[in-house]
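Structures are listed in the sections that come next.
One chain, chain A, appears in both complexes that follow, with chain B as partner in the first and chain C in the second.
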Partner chain A sequence: MSAVAAAPVRQRVALAVLNVLPYLVAVAASFAAAGVFIALMGFDVARAYQTILFTSFRNANAFGQTLNKFVPLLLQALAFALPLAGGKYNVGGEGQMLAGAIGAAAVGILLPDLPGLALLPLVLLASLIVGALWAALPAWLLYRWGINEILTTMLLNFVSFSLVDYVATHVWPDPAAGHPTTAPIGAGGVLPVLLPRTTLHAGLVISLLVAAAAYVFVARTTVGYELVATGANPRAARVFGIHVRRLFLLSLVLGGAVAGLSGGIEVAGVHQRLIEGMQSNFMLLGLIIGLIAKGNLAAVPVVAFFIAVLEVGASAMQRTLAIPGEMVFIVEALILLFILLSDRLRKR
Partner chain B sequence: MAERDRLVMRGIRKSFGPVAALDGVELRVRPGEIHGLLGGNGAGKTTLMNILFGLYRADAGEILVGGRPAHVRSPREAMALGIGMVHQQFLQVPTFTVVENIVLGTRLRNRPGLDLAGPLRKIEALAERFGLPFDPRARLGDLPMGVRQRVEIAKALYRGVELLILDEPTTMLTPQQVDALFASLKVMVQAGLSVIFITHKLREVLAVSDRITVLRSGRSVATAPRAEATEHSLVRAMVGEAVDVDRSLLFARGEHEAALAQSGQPVRLALEDLSAADPEGRPALEGWSMTVRQGEIVGIAGVAGNGQHALAEAVMAIRPRQGRVRLDGADLSALATQQLLARGLAYVPENRWEDGCLARASLAHNLILGAHRRPPFSAGRFLQWHVIHTLARALIAEFNIQARGPEAQAGDLSGGNLQRVMLARALSQEAKVLILHNPTQGLDIASIEFVYQQLLRHKRTGGATLLISENIDELFLLCNRIAVIYRGRMAGTLKRGQFDAYAAGRLMSGMPGQDAEAAA
Partner chain C sequence: MDGWESFIGLARLILLAMVPYTLASQGTMLAGRAGVFNVAQEGIMLLGASVGFLAALRGGSLWVGMLAAAIAGGLLGLALAYFTSTLKMDQFVIGLALFFVGLGASSLAFKLLVGVTLVLPQIPTLPDLKVPLLGDLPVIGPILFNQNALVYLSALVSLGLYYYLYRTSWGLELRAVGENPKSADSLGINVTAQQYAATIMGSMLIGIAGAYLPMVYTGTFTQGIVQGRGWLSIALTFFGGWRPGLIFAGALFFALVEVGSLRVQIMGGVVPHQVLRMLPYLTTILVMIFAFRWVRVPAFLGQTYDREKRSLS
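So, the complex of A and B:
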C-alpha cells in the first residue's frame, strides 16, 4: 500500500525539482556572469555577493526594510500578472500607483482630523479606486475599440508624472521641502508599525492578503477560470461562450486597483505624503518578477521577496563597497534572460 | 528481386521523446508503380514520408534511392534525388500566378527580365500530358483547392521527380475530382514514375494502387500486391485486434441502425433562414434553413471552405447572424453562445488548435470549457476542482486520451488525442443537439469506431446531430439525410436510400442536382 502511494509522491517531488531546477541554474548562472563584470571592475566578488545576499538578514531593521520593499514589488508584480493571466499586458503600473498615491494623499490631507479607524481605510480605499480608474481608461479603449493596451497603459504613466508634479507644487505643496512634495497626511492615515524598533509597516499584511485573494480569484473562481481560458486561447474561449473583451476590461481594472493600492501603501506606510519620484523603479521590477514567475500567482510572492533581498543588498553594496548598485539590476535581468533561455532549450 | 527497387527504406526508426513513432519500418517502391501506404492516424505514415523528404532525420535505418544509399538532410536534397512531395497543406503563394508558383525556387533566366515563356510552355506540356487541367496564368489564390492540388503536383513534375509522394491527397476533393486525380496518377506511372499514395481510406487504396504497404503503430505489418489484398485483410492489418471488424460500424455492410428513419419524431433543432458573414464581411452563409429531428443525424457535405465553418458558428451564435434558431420549438435566436451551451447545444469545432482547445491550459481546464458555469463544476462563484478532476480522470479513461492526467497541458497532446478531448467535452454534456465539424479527423480507426458508437448512443436517446464532414463515406454511413453546401447556400439534399457519391459530388461542385437535370 505504502509503496503504491510512495510512487506518485516521488513522482511529484521529481516533477517539482524539475520545475525549480532551471530557476536555480538561472540564478547561479546570472550571478556567475555578473561576477565576471564585478571582478573586471576590480572589486571583491565574494564580499559583494555576501553583502547582496545577507544584508537583509543581518538584523531586524534590515529585514523590516526588505519587507517594506517587498510590499510595493509584490503589488506591482500582481498588477502586471493579473491581466497577464488573461493575456493582456499592463505596463501602466507606475501611473496607476502614482494615481493611487495622489488619491490617498488627497484624502489624507483633506480629512486630517479623522480618527485612524476611519481615515486609514479611506486613504487606502481612495488609492485603490483612483488606481482602478486610471487603468479603466485604457481598459475601456481596449474593450470598445480594441486599442492596444500596452501603448495606452504606458503612455498614461507620463501623464501621471506631470499630475504628481502639479499636485506636489500647486495643490498641496510643502514649501519647506526642497523637492516637489505635498504636505503630510493626517496622523490617522498612517499605517501602524508592525515590529517595534523597525520601520516595517502593516502594508505587508495587506499585500499578502491581496496576493492570496488574487491567487484564489484566478485559481478557484469561475471568472478566474474564464480569465485563464482567455489568456490560454482567446479564440477558443470565445467559441465556448466566454466574453473575452469583458475579461480584458476586468483584469486591467483589477490590476490598476492593485497598483493604485501599492501607491496608497507607500503614502500611508513609508512617506506619509506624496513625493515626486516615489514610484522608484517598482513597476519595472514588478514586470521582471511577473515574468520570472511566468505569471504564476503562487510563485509571485516568492520571486518578489527574492528581488527585494537583492534590491536591499544592492543599496548596501553601493554604500559599503562603492560598487554601483546597478550591478544588481544586471543580475536581475540576467536571471530573466536565463530563465527564458532555459524555456527555449526545454522545448527543443 | 526481379525488378530493381527505386526506393528502399529499411529498419527505419524514429522517436519523439519517449514515443516511438516508427519502429523498424520497411518500404520498397518499384519504378512505375502506385504504392499505397495505408494506415490509421498515428500509424506513422506521414512521419515516414517526412523522413524520406528530409524534414525529419531517422534515428536508425537506411534509405536506398536507385540502389544507392541516400542521406536526405533537407527537402532540397530530396528534390535533387528526384523525390517530390505534395503535402496536405499546400506550400504556395496565393498572390502569385500558377506559373510563378511552379517555378519558384528553380533556376531561371532573369536577364534582362524574368523569362517565363520557356517554363510556361514546359508547364503546359506537362499539364496536357498528365491530364492536369489548369490555367497557368491564373492567380493561385483565386483557384479552388482541387486545382491548387494539381498545381502542386505539376510543381513536382516540373522539377523532374521520379518518385512522387502524395499525403492524403483526396481529403479536399469531390468524388469526380478523385477519379480525375487517379487517372493522372496512372498516366504518370505509365511514364515510369513511382507514386507513393498515403491514405487511411481503404476504398481509394484498393482503387488505384499496384501494391499496398500497411503501417500500424509505427511498424510495417504487411506489403501485398493489389490482387492479393482484400478489404478484410487490409482492415485486419490496419487495426490488429483493436476493433471487432465483424461487428464494427465503420466496416458495416448494408443497412444498420443508423439508417432507421426518424420522420415521425418531433423536430429538435430548426434553423430558419440563417445568414452570416466571414470575418472580412463577405457573405459566407446565405438563407440556410433546415430541421433536425429527435434521433436524427443530418449531414452537411461540401468541399472544405464552402461555408461549413460559418454555418456551425452561426448556429452557436459565435459570429453575428440573421435568421432564427429553434430548439424543441423554443426560439433561441436572441441567446448568446454561453446560454446556447447551457440549453443543451454542444459543439466540436473543426480547427482544434485555434477554436477547440486551450493549448496553454490543463486538460481539466479544457474538459469543462463552456460548461464551467454550470453545476456540478461550479457552485456559485467557485469552481469545484475535486469534482472536475474526478470527471476529467473518468473521461481520460473512457475516451482513451493518452495523457499524464488532468493536470497535463493540452498543448502537449497529439492532434488525435486533442480531438478526443473535444469529443469527450461535447459528449459528456448530455447535450440535446450535437454540432460536429469533421469530428473524426486525425483519429485512428479504433477511435473513429468509438466516436460513431457514441453518436449512435446519442441518437438512441433522442438527441439530434448536425454532422458537418468532408468525409462523404462518413456521412453516407451515419446520416439520415444529407444537405450539400456550396458557396454558403444549400445546393441540394439527399435522402438515405438515394445516397450516391456522384450525385453528391455534382452538388458539391455547384452543378445542378438530379432533379434539375431531369427537368432540363
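So, the complex of A and C:
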C-alpha cells in the first residue's frame, strides 16, 4: 500500500525539483558571471554579494522598504503577465501606472476633505479606472485593426511622461517643490502604515489580494481558461469558437487596470502626491519578473519578492561600496536569459 | 531672403533628424525580411550611443566610435540570431531580454569609464562635409550637399539595401526566407545563415543609429538620449511597408514631426511644450492606424522556423 502511494509522491517531488533546479542554476550562474565582473573591476565580491542578498533582512525597517518595493513590482509583473497568458505583450505598464497615478492624485487633490473611509477607496478606484482606460486605446486598436500592441502600449508610455509633467507643472503644481510635483492629496487618501516604526504601507495587502484574484481568474474561471487556450494556440482557440480578439482586448484592459492601481498605491502609500519620475524602472523589472516566471501567475509573487530583495540590495551596494547599481540589472537580465536557455535545453 | 534662410535651416535640421530613424528602421527591415522581428532597437541604440560615445572619447576619433557602436550592435544582433534562429526561442521574449541587456550595459559602461560626475565629458560633433560643385548650388546645395557624412551614408544604405534586396540573388533568397522558410530551405537556401547575416547587419545599423545621437545632438551620453526613437523606428518600418525606399520616405515624415514639434516648442505660444512633446508619439500611433491597413508584412515575421517540426503554414 505505502509502496504504491510512495511512487507518485516521489515522482511529484522529483518533478518539483526538476522545475526549481533550472532557476537555482540560472541564479547561481548569473551571480557567478557578475562576480567575475565585479572582481575584475577591483571590488570586494564577497561584500558585494552580502550587501545584495542580506540588506533587506537586516532590520524591520529595511524589510518594510523591501516590501514597499515589492508592491509595485508585483503589480507591474501582473499587468504584464495577465495579457501574456493570452499571448499579448503589454509593455505599457509604465504609462498605465502614471495614468493611474494622475487619476489618484486628481481625486485626492479635488476631494481633500472626505474622510479616509470614502477618499481612500475613491483614490484607488480612480487609479484603477484611468489605468484601464489608458490601456483601452491600444487594446481597441488591436481589436479593431489588429495593430501591434507592443508598439502602441510602449509609445503611450512616452505620452504619459509628458502628461505627468504637464499635470505637475500646470494643473495642480506645488510651487515650493524644485521638481515637477503636485500638491499633496487629502489626508484621508493616504494608505495606513501596517507596521509601526516602519514605512510599510497597506498596499502590500491590496497587491497580494490582486495577485490572488489574478491567479483565480486565470486558473479557475471559464474566461481565464479561454484566455490560456488562446495564448497556447490562437488558431485552435478560434476554431473552437472562442472570441479571440475580445479576449485580447479584455486581458490588455485588465492589465492596464492592475498597472494603474500600482500608480494609485504609489501615490496613496509612498509619495502622497504625484511626482515626475515616480515610475522609476518598475515596468522593466515587472517585465523581467513576468518573463522569469514564464507567465505563471502563482510564481510571479515569489519572483517579484526576489527581485525586490535584489533591487534594495543594489541601491545599498551602490551607496556603501560604490559599485554601479546597474550591475544588478545585468544580473537580472542574465537570470532571465539563463532560464530561457535552460527551458530550451530541457525540451531537446 | 530671411524666409529662405529659415527654410534652409529647417530643411537641414529635418535631414539631420532623419538619419537615426532611417538607419534603425532599415536595420529592423533587413532582419524582418529574413523573418526575424527585432524588438530590441531601443536597447541596441542606447548601447550604440554609450559605446560609440565612450570609444570616440577614448579613441579620439568619431569613426572609432561609429565602428565600436556597430560592433556592439552586431554582438546584440548575434545574440538575437543565436537565440531565435539556432535555439528557436521566441523572438519577442528574446528581443525584450536584449533590450534589458542594452539598457543596463549602456549606463554600466558609462559609469565604469566616466564615473558619476557633474561635468559630463564632451566629444566633438560630426563635421559637415561639402560636396564639391553641388554644394555651391543655391538652396539645394546647403540642404542636400553640405551635411555630415552619416546623412549621405543613410541615403546610400537605403539605396544599397534596395539594390541588395530586389536586384541580387542573395536579396531574393533573403526575402524568400522571410516569406516561406520551408520552401526556401527545400530549395537549398541556408535559412540560418541568411537570418544570422540579416539580423547582425541590421543590428549594426541600429547601433550606428544610436551612436549618431551623441555625435550630432548632445556631444555626450545621457540615459534618456534615445527617447523612444528605437520604438518609433519599429513603427516607421511598418509605415514603410518593410521596403527600403518607402522607409526612407517615411523617415522624412518622422523627422518632420520631430523637428516641427521642437520648433514650435522653441517659438513658445499658447500650446504648452508638454503637449507638443507628445506629438511624435501620438502622430505615430495615428499613422499606424493607416499603415496597418495596407501594409504587407513578411509572411513569416516573428515566427520561428524549425525544419524538424511539422507546421501548418
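The rule is short, and it goes like this: the second predicted complex is superposed on the first by the 348 of 348 C-alpha atoms of A that agree within 3 Å, B and C clash if a C-alpha of one lies under 4 Å from a C-alpha of the other, contacts with A are read in each partner's own complex, and residues count from 1 in each chain.
The rule we apply is simple: a residue touches a chain if its C-beta (ideal position, glycine included) is under 8 Å from a C-beta of that chain, and two chains touch if they have at least 3 such contacts.
Keep in mind the model is a prediction, meaning the values are calculated, not measured.
*Asks:* Between chain B (first) and chain C (second), which does A:324 come into contact with in this model arrangement: first, second, both, or neither?
*Replies:* Touch partner of A:324: chain C, not chain B.
*Asks:* Figure out whether A:222 sits in contact with chain B (first) or chain C (second), or with both, or with neither.
*Replies:* first
*Asks:* For A:54, using the defined touch cut-off, is the partner it touches chain B, chain C, both, or neither? Pick first, second, both or neither.
*Replies:* It touches nothing on chain B or chain C.
*Asks:* Quick one: name whichever of chain B and chain C touches more residues of chain A.
*Replies:* Touching more of chain A: C.
*Asks:* Which partner does A:337 reach: the first (chain B), the second (chain C), both, or neither?
*Replies:* second
*Asks:* Contacts for A:166 in the overlay, against chain B (first) and chain C (second): which applies, first, second, both or neither?
*Replies:* So A:166 only meets chain C here.
*Asks:* Common interface residues of chain A with chain B and chain C?
*Replies:* 235
*Asks:* Per the contact definition, I'd like the list of chain A residues that touch chain B in the complex.
*Replies:* 220-226, 228-229, 231-233, 235-243
*Asks:* Tell me, which parts of chain A touch chain C in their complex?
*Replies:* Touch residues, chain A against chain C: 41, 89, 91, 137, 141, 145-148, 150-152, 154-159, 162-163, 165-166, 169-170, 235, 284, 287-288, 291, 324, 326-327, 329-330, 332-333, 336-337, 340-341, 344.
*Asks:* Applying the document's contact rule, which stretches of chain B touch chain A when the two form their complex?
*Replies:* Against chain A, chain B makes touches at 313, 316, 318, 336-341, 347, 349, 354-361, 365, 368-370, 372-373, 378, 381-383, 385.
*Asks:* What residues on chain C touch chain A, complex-wise?
*Replies:* 39, 83, 87-89, 92-94, 96-97, 100-101, 103-105, 107-108, 111-112, 227-228, 231-232, 234-235, 238, 272, 274-275, 277-278, 281-282, 284-285, 288-289, 292-293, 312
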